[in-house]
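In the two assemblies presented below, chain A is common to both, partnered first by chain B and then by chain C.
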Partner chain A sequence: MATGEDKPRVGVDDWVASVQDRREQRSGLAGLARRVDDVVPAWARLALFAVVAASLPLWMDRGDLFAYGIFTLVYVLLGLGLNVVVGYAGLLDLGYVALFGFGAYSYALLSSEHYGIHWPSAVSIPLVVVATALLGLLLGLPSRRLLGDYLAIVTLFFGQAFVVFVNAANPTVRGKGLTGGPNGIADIDPNDLFGYELTTRRQQYWFILAIVLLVLVGLHFLSESRTGRAWRALREDPLAAEAMSMPVNRLKLKAFALGAGIAGLTGCVFAAVLTAVTSGNFALPILITIYAIVVLGGIGSLTGVVVGAIVINVSFQFLAPENPQNNARILFYLVIVLLLMLSMRPLWRLAVVLAGTVAFGLAAHVLAEAISPSWTAGAVVEGGRFAGLISDWVIIPSGHDRFANGAYIALIVAILAVTRIRGVWRTLSLVPTVYLAAVVWETSFVEQPAVARWILFGALLVFLMTVRPQGLLGTPRVEIV
Partner chain B sequence: MTLLRLRDVDTYYGEIHILQKISLEVGEGELVCLLGGNASGKSTTLKTILGLVTPRAGAVEIDGEDVSRRKTSYRIAKGLAIVPENRRLFAPMTVHENLEMGAYLRKGASSEALERVFDLFPVLKDRRRQLAGTLSGGEQQMVAMGRALMSEPKLLLMDEPSMGLAPILVERNFEIIQQVHQSGVAVLVVEQNANVSLSIADRGYVLQTGRIVLADSAKALLANEDLRKAYLGR
Partner chain C sequence: MHLPLAFNAELFIQLLVNGITLGSLYALIALGYSMVYGILKLLNFAHGDVYMIGAFTGYGVLTLLGGPLSPSIAIAPLIVLMFLAAMVAAGLLGVVIERFAYRPLRESPRIAPLISALGVSFFLQNSALLLFGAQFRSYDSFVLGSKNPEFFEPGPLTDALFVVKNVNVQLIQVIVLSTTVALMVALTALIAKTAIGKAMRATSYDREAAAMMGIDTDRVIATTFFIGSVLAGAAGVMFGLLFSQVFHFMGFLAGLKGFTAAVVGGIGSIPGAMLGGLLVGLAESMAGGYLGGRWSDLTVFGILILVLLVRPSGLLGTRAIHKV
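And now, the complex of A and B:
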C-alpha cells in the first residue's frame, strides 16, 4: 500500500496488503523457473507440452520412443491419477498400483487370445474404467474411518493381496487359469480407434498422448471446480471441512473412484502396448516410482506431475541395464559434484574439496602402485576416455572382492565420521570420503548394475527432495498457527 | 423461542467422563457466553453441540428438535455455524474460496450472503484473492467469521475468539461479534476471557471440570465475587 511515507508508523501494519510486492525475488535458475511458472498460463503450458510431445516420434527411433516416450506418458497418467487421491484429497493410498494392475488385467481378459475374447477398445476401455473406478470406491471405503498411516496400511494390504491373487490364486475359470499365474497373460490386442488397430509405436504413442492431454484438461477444470476446492479444503483441515458440513466421506470416495478410473484407463493402454501383463508390472517398485513422481513434481500440481514423470522416467531409462554402464557412472559423479556444489558454502571450500579429492586420488594411486603393481592392476569396467581417467585415479586391485568389501565398510565409517565433525576438519575429511565413495562405486556397484541403478535412483531422489522439499513445482506450505 | 438446548448432557472421551449433566440454552437472537478455564470442557461442549462427538446421555435440541443422533451436516443445515478455535482456515486457499466453503451446502456461494459478509468486513473484499494463510491474525478471524456466516446461520458458535490476538484486536473482535449479534444472529461465545465476553453478553454460564457451576445474567456474573477472583484476577 503506497502511503507516500516510507517510514513505518507505530500501530499501522500494512504488510498484509502489500504481501505480493514483498515476495522474495529468488535469484538463479530456481527463481527463473518460479517466475516462468507464475507467468505462463495453464493453456500455454499445455499447448507447449502438446507440441513438443507430439513431435517426439518425428526424431526419435522406435526403441527410444518406447522407452522414453510411451513409458513417460504412462507414468504421467499414473501420476495424474494418484495426484487426485493423494494430491487433491490428501488420502495416503498405497493400494493404487493394484488398481492399475486390475485395469491392465481386465483389458487383457477382454481383448486377447486368453479366452478368445476380442472386444473393441471403444467397448472394453470404458467398461474397464468404470469397473476400476468401482473397485477404487470399495478400496476407499476404509477411508471413512481411517486416515493417514492407518489408511496407508489397509490399502497397502490390498495392493499386496492383488499381486498374490494374480500370482498364486489364479482361479480356474472356463477351464483356464484366470490370471495366468506367474506367466501372466500374453497376446493382448492393441488398442483400436473404432476398428483401426494401433500397431506401430508411433500410433500408440500419439494415442496415449491424446489421452494424457484429455485427462490433463479434465483435471485442470476439475481442480478449479467446486469439488476440487472442497478436496483441497478437506486435505488442509478435515475437521474444519466437517464443521463446514462438507460431505467429507462422499468427497473422499469421489477422489478414490476418480483416481482409480484413471489408473484403470492407464492399465488398458499399458497392457495393449506391452501385449503381455504379469504381476511384476504392478508390484511395489512401480508404486514407489509413481509416488516419487507425484512427490517430486510437487503434490497437487498438474505441471508438476508431468515434469516429475519426465525426470523420473528419463533418468530411470538412462540407467536401464541395457544401456552402457558409463551412463550410471556419469550420473554418479554428477550427483556427487552437484551435492557438493549445493551443500558447500563458501565456494572456496568446494574448490578445496574437489581439487583435494582429485589430488588425493592421484597420490594414493601412485603410492599404491609403488608399493605393489598388483594393487592397481584391476580393470575398470568398460572402456572410453572417462574410464581411462578413472583407472589412473581410483585404486582397483586385481581380484578385489575383499578390498571392495573393506572399502565399503570404510566408506560407511567415513560418512558417519563426517557427520560428527564440524568446521574446517569436516571440509578436510570430506576429501577421503568422496574418494572412498568413488572407490566403492568402481569396485562394487559398477559390477552390479541392478543394485547400482536403484541406489543411484534413491540418491537422486534424496538429492532432489533435499533441494526442494515441496517438489519441483510445489508451493511451500503456509502454516497458520 | 429457544434455538439451542442441552439437556443433562453427559459426554465421554473413551472411558473418561468429560461433560457431566450439562444443561444450557440459547434463545433466538441472544448473546450467551460460556466461560471456563483450561480443560473445563468448553470445546467438548461445542463438539457435542455440533455432533463431532456423541453424548452418552442427555439430549441436544435445535429449534425444539432432538438432534442428538443426527450428523453434523444436518445440524448445520438447521442453522448452526461455527468459528473454530484457532480459526482453522484453509491456508493455501483464497479468502473468496474460504468463504465459499462455508456455503458448501448451498451449492456455491450465494452472492447475497457474500455481499452481507463483505458489508460486515469491508477489508475482506479487498483481500478476496489473497491466500488466507498470508493474512494477519485479525483478518483471519474475520475470514473465519465470514465463512461461518456464509451459511446464514441462526446461531453462531464461537470457540475462543480472543485466542492469540493483541488486546486491541480482541476488543475489535468482540465489537464484530456484537455487530453480528445486532444483525439478528444468536451467538454462543466460548471464552476464557470473562471480562470482555461478559461485557457484551446477555447471559453467561461458567463451566468447571465438566460441570456448570454458575448460570446468571451477564451483569450478575460480572458482580459475582467468586468469579471475579477466579477469572478476573481482582
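And now, the complex of A and C:
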C-alpha cells in the first residue's frame, strides 16, 4: 500500500484491498502476531531465530537438545519443503513424507554398513538431493494432466506404496533385502564436513541449524523472485495464471522438485542423526504432523513454518510417553486457558467461565463422593505438586475404563454442541465442557499421551481449517468471484 | 513369485470367489466416496474410518448380545441387528462429520476441506485406538451359531452352501454378495426414482442452480453423506464377518482400496464404483494368489496409477468439462 499513493491504482478495489487490514484489527492475539510479523523485517527475524537457536546447546543437556533442538530443526526443514509445494504453488501433496523417506533410505544405502558403502557426505548428500528432486519431478508429472484432487490421490498412493515397498516388498539385491524390511537399516554413518565426522549432538545440531538457515534465506529470496510470485499467482487462480501466459505446468513441476529436494536433504540429516531408518518414521502420522506445522504457522509463510514447527514439536515431545506427565498436563491446561482467552471477549466472561469451572468441578466432586466413595477413589497419574488439587477437583473413579470412554465421547459431543450454541448459553455450556476436558485428560489422555497427541493433532487440523484456515501468519485470501 | 506350471482350475475358482466377495465390499465403500465426490467434489478421506466405526459398532452389538460363543438370540436376527446398528451409527457419524468438518468450508479454497478431511480421518483412527485399544477384536464368525463352539466346531456361516469344482462357497460369502447387490439395487432405485434422488442428481450437476430451484442443498448433501456412510457401515460388518478381525487402523487400507475402486471406475459414477470395486477385489485376490501376498497391495496401487495416467476420468467416468 505504501507505493503508488500518487499514481492511479489500476485493478485495486479499495474495499477488497482493505479487507485484510480490517480482519487483522478484529482478531486479537493472532492479529497482534501478524502485525509484529509485518513490522519486524525479515533479516531481523532471521537473526533473532539464528541467535536463539545457536545458543540452545549452551544451556540444554544432550537428551533435550536431541528431542527439542534437532527434532524441531528437522520439522522446520520438512515444513519448509512442504510449504513450497502446498503454500507457494497450492498443490496438495500427500506423498511428501515418502520423499523424505526416500532421501533417508538413499542416504542410508550410500553411507552405512548395510552394503558396506561409506561415501562422504559431500558426495552422498548432493546426490540424494538431486535424486529425490528427480523423483519428485516424476511424481509431479501427473499433475500436468491431472487436476488438483487427482494429484492428491496419486501422491497419497505413492506415499502408501513407499511404505509397503520398504516394509513388505523389500526386494533382494546383492544377497540381502534392499530396505531391510520392518527392521530397516541400522548403523548409518554420521554426516561429515569434508572428512570431519559430526559425532556429538552439538555438532550435529549446529550443522542442521546451518542448513536450516541456508534454506530459509534461499526460500526467502525465491519467494520474492519472479518464480515465487508466479507460484502465488498459480495458487490463487491457475486459470488466470495460464491466461497471463505463465508456464503453469513448468511452475508446478518446479515446486514439486524443489519441495522434494528439501525433503531429500532432510532425509539425509535425519538418517544420519538417528543412525537408523525404519518405515515407521515415514508413515501417515508424520505427514499429519508436517501438515499441522504448515497449517498452524500459516500456509505460505516462512516465519509461520518456523513458529509452527517449534510449537508442534514442543507439544509433541511434551506428550511423549517417556516424558513426565506433569509437563504435558500443564501444557494442556495452559492451552485450554489460552484458547478461552483467544475466543472470549469481554474478559469478565472468561473470568466467569474459569470461576464457574472451578466451582462446577468442586460441586461435581462432592456430589460424586456422596453417591459412592469409589467414584472418586482413582489415583492421579504422576500428579506431582498438583496431585492433591486434582484429586479434590476431578472425578477419577477407581477402575475407570468405561467411565473414561464415556467421558471422552461426552466431551466430543459437548464440544460439537458448544460450536452450535450462541450467546449466553455458550458461555454457560462452556463450564461443563471445560470440566469434562479436564476429566478426560486425567482419566484417559494422561495414560496414553502418544495417542492423545495424534487425536489433538487431528482435531487441530479440523479446528484450524474451520476457524482460521490461514493459520497464525498466513495471508487471508480474498477471493473475488 | 511362483507361477503355477499348469492352469489350476480349483485355485482359480477359489480366487475368483474370494475376489468377488472382497470386491463387493470395496464397491460398497467406493460408492460412498463416489457419491460425495459427485455432489461436493470433495475427497472424503475420513470415509474409511467411518467404515471402521461401523465394524466396531457391529462388534459392540455382538458383544452386548452375549458374544459369538453364546449369543443370547438366534443368529439370523443377530446378524440383521448388527447390520442395522452399524449402518445407523455410521450414517449418523457421516452426517456429523459433514456438518462440523466440511460444511463450514464449503466456500473455502479447495485445499481446506481436504486438509480437514485428513484431520477427521486421523482423529477417528486415534479415537478408536483410545477407546478400544490396539488389539484386534474378533467377530469369531467361524464359530458363530455353532453347537460346540468350545471345540471350534464351525458354525453355519462358514458352511458350504454349494460346491464348484471342489471349491466351497460359504454361506457368509453368499450373504455378503446378496446384501451388497440388494443395497446397490436399492441405491440405484433411490437415485433414479425418488424425489430425494432427483434432488441429489440436480445438486451434483449444479449446486447453485439446484438451490435456486428451491432444493435444500444442505439437506441433500447431508443425505448423501448419510447414505454413503450407511453403505460403509454395512461394509464394515461384512468385513468383520468375513475376516473375523477388526482393529482401529483397518479403515485406512480399506479406504484406500475403496477409493481406488471409485477412481478406477470413474469417480462420481455409481455403476463405475461397482465395476471398480469388483476389479480391485479381483486384482487383489489374483495378485495375492499368483504373485504372493506382499505384492497384492502394490498391484492394486499400480492399477490405480495406470488408470489415472491412461484414462484420468476412470473407466465409466465422464470427461470433466472445464468451464471458464
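Keep in mind that, in the parts below, the second predicted complex is superposed on the first by the 392 of 481 C-alpha atoms of A that agree within 3 Å, B and C clash if a C-alpha of one lies under 4 Å from a C-alpha of the other, contacts with A are read in each partner's own complex, and residues count from 1 in each chain.
The rule is short, and it goes like this: a contact is a pair of C-beta atoms (placed from the backbone, for glycine too) under 8 Å apart; a residue touches a chain by one contact, two chains touch by 3 or more.
All of these numbers come straight from a predicted model, not from anything done at the bench.
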Partner chain in contact with A:Ser111 - chain B first, chain C second, else both or neither: neither
Touching partner for A:Thr427 - first (chain B), second (chain C), both, neither: neither
Per-residue touch tally on chain A - higher for chain B or for chain C: C
First (chain B), second (chain C), both or neither touched by A:Gln448: second
Partner chain(s) touched by A:Ser121 [first = chain B, second = chain C, both, neither]: neither
Which of chain B and chain C A:Arg232 touches, first, second, both or neither: first
Chain B versus chain C as contact partner of A:Ala241, first or second or both or neither: first
Chain B versus chain C as contact partner of A:Gln160, first or second or both or neither: second
Set intersection of chain A contacts, chain C complex versus chain B complex: 239, 477, 479
Residue ranges of chain C touching chain A (in the complex, touch as defined): 37, 41, 43, 96, 100-101, 104-105, 108-116, 118-127, 129-131, 252, 256, 259-260, 263, 294-295, 297-298, 301, 304-305, 308-309, 312, 320, 324
Interface residues, chain A side, partner chain B - complex: 13, 16-17, 19-20, 226, 229-230, 232-233, 236-237, 239-247, 475, 477-481
Complex interface listing, chain A residues touching chain C: 86, 90, 92, 94, 142, 145-150, 152-154, 156-158, 160-161, 164-165, 168-169, 239, 284-285, 288, 291, 295, 299, 405, 408-409, 412, 416, 419, 444-445, 448, 451-452, 454-455, 457-462, 465-466, 469, 477, 479
Interfacial residue positions of chain B with respect to chain A in the complex: 50, 52, 72-73, 76-77, 82, 84, 86-93, 97, 100-102, 104-105, 107-108, 126-127, 130-136, 139-140, 147, 151, 164
